[in-house]
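Next, two complexes with chain A in common: one pairs it with chain B, the other with chain C.
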Partner chain A sequence: MINLVKKRLRRTMMFLNAQKPGLIKDPYIYRPDSIILDLEDAVAENQKDAARFSLYHALKEIDYRGCERVVRINGLDTPYWQEDIRCAVAGGCDAIRIPKVECPKDVHRVEEEILKAEKDFGMPEGMILIMAAIESARGVMKALDICEASDRLFGIALSGGDYTKDLQTRITGTGIELMGARQNLIIAARAAKVQCFDTVYTNLDDMEGFQRDVETIHLMGFDGKSIVNPRQIPIVHDIFTPSGKDIIFAEKVVREIEEKKEMGIGVFTVDGKMIDIAFYDGARRTIELAKASGVYKGDL
Partner chain B sequence: MEIERPAMAGTLESSDCQVTVEPGDGRIDFTLESAVINQYGNQIRKVVFETLSHLGVDNIKISMVDKGALDCTIKARVEAAVSRSMDQFVNALWGGAFE
Partner chain C sequence: MINAVGREIPEEILKITGKEPFKGNHYFDGYEYKKDGPSTRCVINSEGSKLVENIHEVLVKCGIQDGMTLGFHHHFRDGDYVVNMVMEEIHNMGIKDITICASSLGKAHDKLVEFIEDGTITNIQSSGVRGKIGRAISEGKLKGLAVMRSHGGRVRAIETGEVRIDIAFIGSPTCDDYGNCRGIGGKSDCGVLSYSMVDADYADKVVAITDCLVPFPNFPAHISMTKVDYVVVVDEIGNPDKIATGAAKPTTDMRKLMMADYCTQFVVNTPYFKDGFSYQTGVGGASIASTISLSKIMKERNIRMKFGVGGLTKPMCDLLENNQVDALLDTQDFDLNAVESVINPKHFRISAGEYADPFNKGAVVNKLDFVILAALEVDVNFNCNVVVGSDGIITGAQGGHPDTAAGAKCTIVIAPLLQGRIPAICTDVTTVTTPGESIDVVITDYGIAINPRRQDLIDAMKNVDLPFKTIEELRDIAFSIVGEPERVQFDDKVVGIIEGRDGTVMDVVRKIKKFEFSGE
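Right after this comes the complex of A and B.
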């Protein structure tokens, strides 16, 4: 059985340290689409064990009110990742985020452990999804193979910190150092029909820079962004949610294309813009996104 | 399940609790420090005893400094402290005791 929520709305995926009760008790109040409960970088080496207990009971007892619950496990080069998966699956998470993915085999290894854990804990097989974080030049070059590695995989995410280290550069805030990776990942994700998420923006004192960054990745075609602070959520949602004007135009395009098709007309104008069948899917996507974002009141 | 050595888990941050365990003298000896002991002391005690029972621990000295922890945090910190007292970091049964 394969989970059917692979394509759900994921404009914001907020990282939270699984070891910090103050952070994980009520993040839903900020309304992120997904939370990423982190067992990896945010958790000190000597707290890995305690973080798992904290994660397990949080997953079991806290009602996250519709926020998707993703767990970032430790890297496959550590002694922690298998037990991380057992804990996350037993707790009933929605998805596992794999760090530092460089090839399809990394996804397969995690997939096997998830399946084992699903059987061990009597969970329905195939319900827990996977997302792969790409954090190296090699991972970027293998992006399409990674995207197609598993039916459980709903998307890939760029992790800029490690990627820029591997590229022998640094995060500049301009996005120049991420251009190639971003373009490559979004093309691979679209080719494989999975989602694609951008890296975090860590300078919380530069909200204008953050806004520019989100506008850029939105135009590039990303589905959403990893975030590190609730203040970033409304900015991302605002940019990723279709405006009233966009929705009205998309509705007109869909209706006109359907109507004109019946009449045998292929090219026509809507609000002074030339429209043909090539615009149909984009207009439909705008309406679907508006519906998923809860702002669509029409009947299409 | 026997507590083998003293161990601690948790912090004194808001919404957390710090749990210390050590080998007992044949019973559960629980002490609690909390700003909300009058309102929630009984509930906290109940969660701690239920968690220990779940783990099969009935011979332990356990103390807790509570900073407004939810039940799920109390369970997590008690389990982490008990697991550390036995150097049992993997093969937790998650929802059961330790292997």
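Right after this comes the complex of A and C.
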């Protein structure tokens, strides 16, 4: 069974500590596209069981009103990850985020546990998706293999904090230390036709810097960004949502291409720009993105 | 007897207080009465000073005795020292059975609980009783009935003679030796002395207490020497850090910003938002953020505010600085910016009576277009509770809530749907402070409800893209998230009344009792 929501709008994926009811009871109010209920770094070592308890009940009881519910499990080098998966699957999450992925085998191991849990808890098999977080140099080098490791895998994400430590550098705010990883990951993701998400920006006092960061990754082709605070959401959505101007141009391109195709014309101009069939998919993608973002009022 | 907001008012309470049950906002419109007046002791000598050595001496001179009613203002807010200072001395003198008639009481007055417990204080009349006093009253420790009044209602009660203040104490940031008081120029500035103006006009004895004696004449006086009997100088009348806070910073909380945005969008789409409109708002994060975003739209559309009222904070004073409003009418200053703005010639001090008294010939609230308020609870009839917590303990204050809500053309209440795990939108509020007929719009983080009485506003919002819902839908969403709470259980004993601004009984507050689980 294939999960039909494998490809959906994921401009913002907001991290939340699964152990804190105050945080996870209604984050949908801020309208992130996805929420990541975290059992890993946000939760202290001796609180992992309490966090699972909280997570399970949140997943069962709360109507998240269309927000995708992703659970970040603990690393495969810990004794927690299998029980994390069982709890998340039993609760009925939408996806599992695997931290520190370095090879396809990491994805396979998680996939096996998910399937086992789906069977144990009577959930439809194949429904729960996977995303892989890349947090090391090795992971970046293996990105394409990781992207192709499973049908359940909808995307990969860069985790900049651990990655830059692995490179023996640090987060500078300039983005230079993340350049290589970002480029590699977006290329790998596109080659494998999955989505790609950028790392968190933790300096909440520098919203201008955050905006520049998001503009950069948007131009690079990323599908979205991990978020640590609701204040970041409107900025990301604003940048990732096609503007009125973009939409009008995309509509023109789609209509013109379809019309010109009928007339046997392959290359022409729209608003002074040279357009051929290669632009069709991009224009359609803009319109689909506009529709998913709720800003499309046209009829294509 | 059931009143106009559906609350049961025990006959016994109506008998004891001599009051009527609430019958609707305009029940007393057009009512005529004769004002009550204070006794006045003439001063026709050239002794030239009203200075008295200390609090004890001035109490003796004023003839303090058991059973008196004392007036205080709350302009010093959480930094007030005056009430405690005076009551400490009264207690030491062995005086009992005092009625405190304060414009409000708060956490600064927690010390009064011991005086309540030992019978020094037997009655409290106040806008609010935040902190330990509220709890003490809810627990039934006050011998008499607590009377919670709005700011306008307090002026009414004093003017009509329902309350006769024997001695009023006016904490004054500056004062000269003849009793000219000002709210600025000292070391504990509060800006204005609006709440104590009615005390100065109607109390039999008026005592100014200051920590900053200045040369005569301390003009222009906020309270005139002609109304003051004595002046006492003390070391400190209040803690400046807690009197007026540093400028309230605009909130960064996304939930509050969202509600603020809804509020601004609603305001600008009403027919009242046009050049020359008037506006009042509170100190909450969402209210302040809404004022800031409103000022941007005013600029874009070239719309000026004719006047702003309050309870003033920096954002309102910024409108004056930026020449976006013609005048500010000030009854209270919440932050340092507001205190400093008092000297601006277009920043006018008004008395609590001019602000909100329903029993004068017309107060400012009647001219207000918009007021933005908060609430602890709102029910499906749009009744608001701002005094009693959902746990049954008295915790808040009426303030000017019922006054401004009754007067304004568009009354907006901003409240998050849930306070923790308690629904703010409910079927019936724990206690009614402001009747639903006064409330036009409720804005929550989950949506906006317009009072069905306001078809004009519903029509105005027809094509506006905001998340409108019915109040029942909002209530149902709240209950679907946190469940429907069981009602708070109260004892039969009535410990206080919520007085309507016109002196009628809006609701009663009963003594709390320990919750009994069914099956116990």
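Just so it is clear, the second predicted complex is superposed on the first by the 300 of 300 C-alpha atoms of A that agree within 3 Å, B and C clash if a C-alpha of one lies under 4 Å from a C-alpha of the other, contacts with A are read in each partner's own complex, and residues count from 1 in each chain.
Methods note: a contact is a pair of C-beta atoms (placed from the backbone, for glycine too) under 8 Å apart; a residue touches a chain by one contact, two chains touch by 3 or more.
Bear in mind that the values here come from a model prediction, so they are computed numbers and not experimental data.
Chemist: In the superposed arrangement, which partner chain does A:44 touch: chain B (first), chain C (second), both, or neither?
Modeler: In the superposition, A:44 touches no partner, neither chain B nor chain C.
Chemist: Have a look at where A:25 lands relative to chain B and chain C in the superposition and call it first, second, both or neither.
Modeler: After superposition on chain A, A:25 lies in contact with both partners, chain B and chain C.
Chemist: Please work out whether A:231 is in contact with chain B alone, chain C alone, both, or neither, and reply first, second, both or neither.
Modeler: Second partner only.
Chemist: In the superposed arrangement, which partner chain does A:295 touch: chain B (first), chain C (second), both, or neither?
Modeler: In the superposition, A:295 touches no partner, neither chain B nor chain C.
Chemist: With the two structures laid over each other on chain A, which partner does A:56 touch: chain B (first), chain C (second), both, or neither?
Modeler: A:56: touches chain B, not chain C.
Chemist: For A:83 in the superposed arrangement: first (chain B), second (chain C), both or neither?
Modeler: It touches chain B, and chain C stays clear.
Chemist: Scan A:277 for contacts with chain B and chain C and give back first, second, both or neither.
Modeler: neither
Chemist: Check the contacts made with chain A and report whether chain B or chain C touches more of its residues.
Modeler: B
Chemist: Applying the document's definition of touch, where does A:265 land relative to chain B and chain C: first, second, both, or neither?
Modeler: Once the two structures are laid over each other on A, A:265 reaches no partner at all.
Chemist: Taking the contacts chain A makes with chain B in one complex and with chain C in the other, which residues are shared?
Modeler: In chain A, positions 22, 25, 62 sit in both the chain B and chain C interfaces.
Chemist: Which residues of chain A touch chain C in their complex?
Modeler: 22, 25-26, 29-30, 62-63, 229-231, 233
Chemist: Show me the residue ranges of chain A that touch chain B in the complex, using the header's touch definition.
Modeler: So the residues of chain A in touch with chain B come to 20-22, 25, 49-50, 52-54, 56-58, 60-62, 83, 86-87, 90-91, 121.
Chemist: Under the definition above, what is the set of chain C residues touching chain A in their complex?
Modeler: Contact set of chain C toward chain A: 252, 254-255, 258, 418, 420, 445-446, 480-481.
Chemist: Taking the complex as given, what residues does chain B use to touch chain A?
Modeler: 9-10, 13-16, 69-73, 75-77, 79-80, 83-84, 89-92, 94-95
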